[in-house]
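The following pair of complexes shares a single chain, chain A, combined with chain B in the former and chain C in the latter.
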Partner chain A sequence: MSFRKIHALLVLGLSCALALSACGGGETRVEAGDREQILHWGNGAEPQELDPHIVTGVPEHHIIIALLEGLVLKDPATLEIIPGVAERWEISADGLIYTFHLRADARWSNGDPVTAGDFAWSWRRALTPSLGNLYAYMYFPIRNAEAFATGKIDDFDQVGVEVLDEHTLRVTLNHPTPYFLQLLDHYSMFPVHRATLEKHGDPFQRGSDWTRAGNFVGNGPFVLAEWQLNKVVAVDKNPGYWDAERVRLNGIRYYPVENVSTEERMFRAGQLHVTGSIPPDKIAVYRKESPELLRTEPYLGNYFYRFNLDVPQLADPRVRRALAMSIDREQIVEHVTQGGQIPAYAFTPPDTLGYTAPPAFAHDPEAARALLAEAGYPGGQGFPPTELLYNTSEGHRKLAVAIQQMWKRELGIEITLNNQDWKVYLDSVNNGNYQIARAGWIGDYVDPNSFLDMWVTDGGNNRTGWSDPRYDQLVLECAPRAPDRERRYRCFQEAEALLMEAMPIIPVYFATRNYLTRPSVRGMPPNLLGYPLFKQIHLQAAD
Partner chain B sequence: MSDEALQAERGVSLWRDAWLRLRRNRLAVAGGVTLILLCVLALLTPWIAPYDYRAQDLALGASPPSAAHWLGTDTLGRDLLTHVLWGGRISLAVGFVATGVALLIGVLYGTIAGYAGGRVDAVMMRLVDILYALPFMIFIILLMVIFGRNLVLLFLAIGAVEWLTMARIVRGQVQTLKQQEFIEAAVSLGLSRWTIIRRHLIPNTLGPVIVYTTLTIPSVMLLEAFLSFLGLGIQPPASSWGLLISYGAETMEEYPWLLIFPGVALSITLFSLNFLGDGLRDALDPRIAKD
Partner chain C sequence: MPRFILHRLLQALPVLLVVVTATFFLVRLAPGGPFSDEKAVPAEVQRALEARYRLDQPLASQYLSYLGDLVRGDFGPSFRYPGRSVDEMIFAGLPTTAELGLYALLISLVLGTAAGVVAALRPNSAQDYLPMSAAMIGICLPSFLLGPLLILVFGIWLDWMPVSGWGNVPGDKILPALTLASGYTAYVARLSRGGMLEVLSQDYIRTARAKGLPEWIVVLKHGLRGGLIPVVAFAGPAFAGLLSGSFVVETIFQIPGLGRFYVQAAFNRDYTMIMGTTIFFAVLIVAFNLLADIAAVWLNPRLRHQYRKRAS
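Showing the complex of A and B:
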């Protein structure tokens, strides 16, 4: 049987399955959801936590933005800043002082008003070193925030956050920061409910159970109804939310499906409205058979491998460069990921708010071999066995196997693979308990800074042990002080060149987002950050 | 009974008799031959596999069976036949070694407990109950985490978990046998305990043990696939049938051959094991009248 015939049969089978799931055997979960305005969301992995000042991942993001709300929100269609808890704000002429006027009707889900004091206290908590917030550096544009986070000062009053009255908050920055408002919509700057945290243990330590269902008090459009480990996180509409009239969903169910094939089957069986991704091998089938279900969108993100610089054989930049140069990215995006990704030879995705880093290296196995030989491992001889860690997912596995073989073929290096569950993987990477680890980074806001400030010395999301004072100076001093965009970007260009020279990470590709959506999901326009504004989403089954 | 008949009877030991009966069971013989063939293939894999198991041809991708790749290729363009052969090595080794470990521990433990009876039996079986109560996945995962990932350890860990049921079956069997006259006869003849266990009890429990063994081997192979999937067993590029099947199942709509061929290989093995097991049980059961 020819490939074409097999393919035709399969497509037939797939469409039969689709047809069956649509009309046979009673109402599916999705149909019931359309009727009841309950969104069923494929969320990729079991959330590590639901504490906005602890988590770092995308699955957690999708849940937390439903439960909590920062000072501002983003319009999902344009990513423009729109009012959140702050009704309006003023920015001083020098761009240093922001005055936020909080809306009077913003309420916590237990009825308490959301006040400026809540924000000040929450930000203090987020910056307190004992909490170990990996995203603390998001606050560093604020005056003295860095000093407080690193323990240089203990007095939060010196930090540029000032409560003028119950509904007015003044923030003073170090330098004019064009993206500062965007930061405020990041979960690391969300408020938490002080009384609840204090009731459930020490608010400045990890491991509190305030985020359990029943304990959680939030200020977002939804409240946490249920959290069943590895099964579902359920949130229901919050009737006390200030904008509750405009919230049309009655609830969202987040399913932690790590296996993308399972997720795709659940979607087809009418159990999910939206998936997190799609198996690469299915993209072509959907493109041909049901293009209305497949969404392919540009995504401000990249996929890379992290090196642990404490591992002796990886401490040599020549080795890291050799590993980077021996990967054939063109082949990978074309045949492995197959979703329209772009090969990456720099870290920041091209044209991030007009910033494009020049390619820092090329695919050159010849030069890679020479570098490896120079580093003392000619032909890979004597290279200690090294482990590549990824979180369990067939997409990551496939890529890892492909790259493992490229390194073996081009450099003669033996790499073993290891996969771990999302939470364990995060733990291993955070604790430096890895040698090479897979990673992805999605911009938290549209600005090259979101990709470059993570690599400063001891940055929470650095996790490689790499450190270069010159780089820190460029990202933390040169760029923020630059008088205009052109000069600011020049600082970033130079910083990124340093990063790519040292190569504590290997960029693999720039992401695109491929996922499946039911036609009944409305109000979810595509955007670069993959950012959904749940209060605008509603479900409307086609008649 | 004539002298002649008596002589013939004496020459036929339990094993020889079993062998004669087994040979007459065609299905069992076919199963046995297939198994031997599979083991030979597994042993010869490094020499007969058509490609290097690491070799990829990304541009080729998943291709259906062809002259160059008899069973097709997987999504990374790796030859499936090569992977089925290499996977068979691991799966068969895990199946036989782990089951062997389980068999050894389980039969000895069960026989001793059943034969000793009384307090010894109570203590030994409570220990089994306790181990039963331990979630065995956690036990294996703990072993793997403490001692690191290692193929031999994987075999031992699975074997060390699988022996419990075996011990229970054997103990029950021994308890009933113990009451029978031939054991009393053996005792009154002054045979040592160890000899009684070895010569009379174990051979008589073989029927159920063999049936259970043939059931254990496939479950062990599946367990290995599960562990590998969790990242505790075999890691790519090496593979086993269980892994190939679990990967194949993910793309069965697009590339069915990736599921079918490893599935067929595993099914053939399991069928052979079952036929052989059935045949052995019949052949070894001393209570079936000799004809």
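Showing the complex of A and C:
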């Protein structure tokens, strides 16, 4: 009898499971989305916030560009600037004064007009120190913006932002800044709705709930419909958006999927149109079996190793060059990273708005050995024990092991590997508590300045201790004052040559973005920033 | 009994205070702060943020004001998610995690006890080895392996069940609950087998059999009650463990529970979130241990007698 009972239970359990599972078939979420023009988007992580003046991450970026709009937008195919809230603008002959004419039909989602005053107030907020905006430096080309953000002045009238009338905004810069228009499309320069922020607490402090669904008032092509913690952020088409008739999506659902394997399985099961990335070991499989789903695109980022110049054996540039020249980057991108990355022999990614730095060195183990011998370590003899630091991750480990072996084989140098949890690693690198450390950099805007201004003396992101007055002069004086693009890029090229000659860092590769997309997703051309213009995207299933 | 409960509750308070104090100082000792970033953080931003979250005050006064907030049930704002309070995040994730844990506990109790009893009926036979080997595999197979395996077979090859989510489509709760339950089912099976073996060799069982009772009454009525004591003692802490240890399953199946916040808070150095979740789980563990103790006293006539005697 007892066995019969257990048996009955088992049968019951199994049939329950089967009955429930019968619903697994039928239309997938993606198919339903294609029909209803709802885009299902793998968005990496739970957004920290949806406040454009507080957040710093890519997942937040993808949501905020749907909800808010700055003065200008970028064409996703060319990254050229196209009109946003500003329908046109004039730039003074000396490149210092920008006058923006805002379109009269731009509205907040509650019906209020979007005015020049909204921008001025929002920018004041974004620069106010108490808010703790990590992207305040995006404003620094504007006259006195840096002084205001660092608390040296507290009168915003002295900052180069002027409201001429309800629809005209004038901005005055310190220097001609060719990439200034690009900065305006960064979310840190987006406007926020003053009355809403004032209603939900102190606009100049963190901890307000104005960004919750129901509270959020935006001016973008979509409005916030739902924000379920760790589950989904849903945005729906904004019928009051000035360009609403061109918006074809009815909504976007952002899923905070942190685990890349989970994301790939969701994609395979028809739950996502687009993923944020793909597990590296799956790239080869997709390339072989379903290449139409895999996208591999150049990305405005690089991967490099930093040297701490306070470490005696690394203070000699010959040693640093020897280490750089003995790495076989072709091998690395082909067999280790395997994501279509480009071997890097310079720091700035190629064709960054027409700027390409010539290769500064080559893979040459012979010359590397000679340099090392010249520096007093023939065959690696007498080279002190040196440590390579990276933040804990399988990808960084594989690459570090490969490079460790190359240095041992080509130079006879023994390097030990050390991995640290992300925050510990940041602490070590920021405090100069490392010898060689892994790093990566993603440009904030498409301009060589975003890669080269970090190496000026005592730059916050330098962290190597390297300093060269000539380099500082080229990046901080020569380039900003150059009368045209060609001469400006010449300053940068000369600077980058100095950087590569001294080699406080070793470039390893230029990044690519690998991710998955359903064929029904249209209007999402590749670009260096991985920037989607949602108002141009639509879904069209193949018949 | 009430005295026993009161006694245990009073014991719990110093335990919790130690947990709070140790966690408070340990998270601040860990290298790397909540606001460090790959991009350099300007000094004035760092100062503004530290002032906002009272991190610029001496450690002792931070500690005291934290205790003050705690007494009022306020875990403070999250550092990582500036628009949210820790209380809000815990209560947003808790129902999901609790539901998942409850299903997993039920599955492990039902399946585990059944397997354990079956095995104990004929020790050292195939009927014993088969479920116990399965249990051994269940203990050894980690959920980060079992989860994707189940998804691959039932979600992708057979296409019977959803591969992720929680409460979005029917059936999406089955695989995560099974994955989370597997290890615990195996423990329950081993515990109930051991408990049953011990009980079935007792004199009172022999008496029951001698009276001519049918075997299933002997096993299910007389045997099971004593045989389940180790399982009951295990179930309380196990449920607390299921709640605090669902991180892996929540990540694999994309479930909006508490476990993910718990682990990520540590990586992010989100001090208030680490404190909040740790204290919350500590309270749960203490509470469930207490419940397990009460149940054990209630199930075991000898202990019950002891407490009654002491009380009188």
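Going forward, the second predicted complex is superposed on the first by the 329 of 543 C-alpha atoms of A that agree within 3 Å, B and C clash if a C-alpha of one lies under 4 Å from a C-alpha of the other, contacts with A are read in each partner's own complex, and residues count from 1 in each chain.
Keep this in mind: contacts are C-beta pairs under 8 Å (C-beta built on N, C-alpha and C of every residue); 3 or more make two chains touch, one makes a residue touch a chain.
Because the structure is predicted, anything quoted here is derived from the model rather than measured.
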Partner chain in contact with A:Thr211 - chain B first, chain C second, else both or neither: second
Which of chain B and chain C A:Gly111 touches, first, second, both or neither: neither
First, second, both or neither for A:Ser261, with chain B first and chain C second: both
Partner chain in contact with A:Asn133 - chain B first, chain C second, else both or neither: second
Which of chain B and chain C A:Leu417 touches, first, second, both or neither: first
First, second, both or neither for A:Asp427, with chain B first and chain C second: second
Broader residue contact with chain A after superposition on the shared chain, chain B or chain C: C
Set of chain A residues, in rising order, touched by both chain B and chain C: 1, 3, 6, 259, 261, 421
Footprint of chain A on chain C - complex, ascending: 30-33, 35-42, 44-45, 47-49, 51-52, 77, 80-84, 89, 92-93, 110, 114, 117-118, 148, 151, 154-156, 159-166, 169-171, 174, 214-216, 219-220, 251-254, 256-257, 260-261, 267-269
Chain B-facing residues of chain A, complex: 1, 3, 6-7, 10, 13-14, 259, 261, 279-282, 285, 328, 331-332, 334-336, 392, 394, 397-398, 400-402, 404-405, 408, 416-421
List of chain B residues in touch with chain A within their complex: 54-56, 58-59, 61-64, 75-77, 149, 229-231, 235-237, 247, 249-251, 253-256
Touching residues on chain A, where the partner in the complex is chain C: 1-3, 6, 9, 17-18, 20-21, 23-25, 46, 48-51, 54, 56, 129-134, 136-137, 149-151, 205-209, 211-212, 228-231, 255, 257-259, 261-262, 265-266, 268-269, 271, 421-428, 430, 440, 459-461, 463
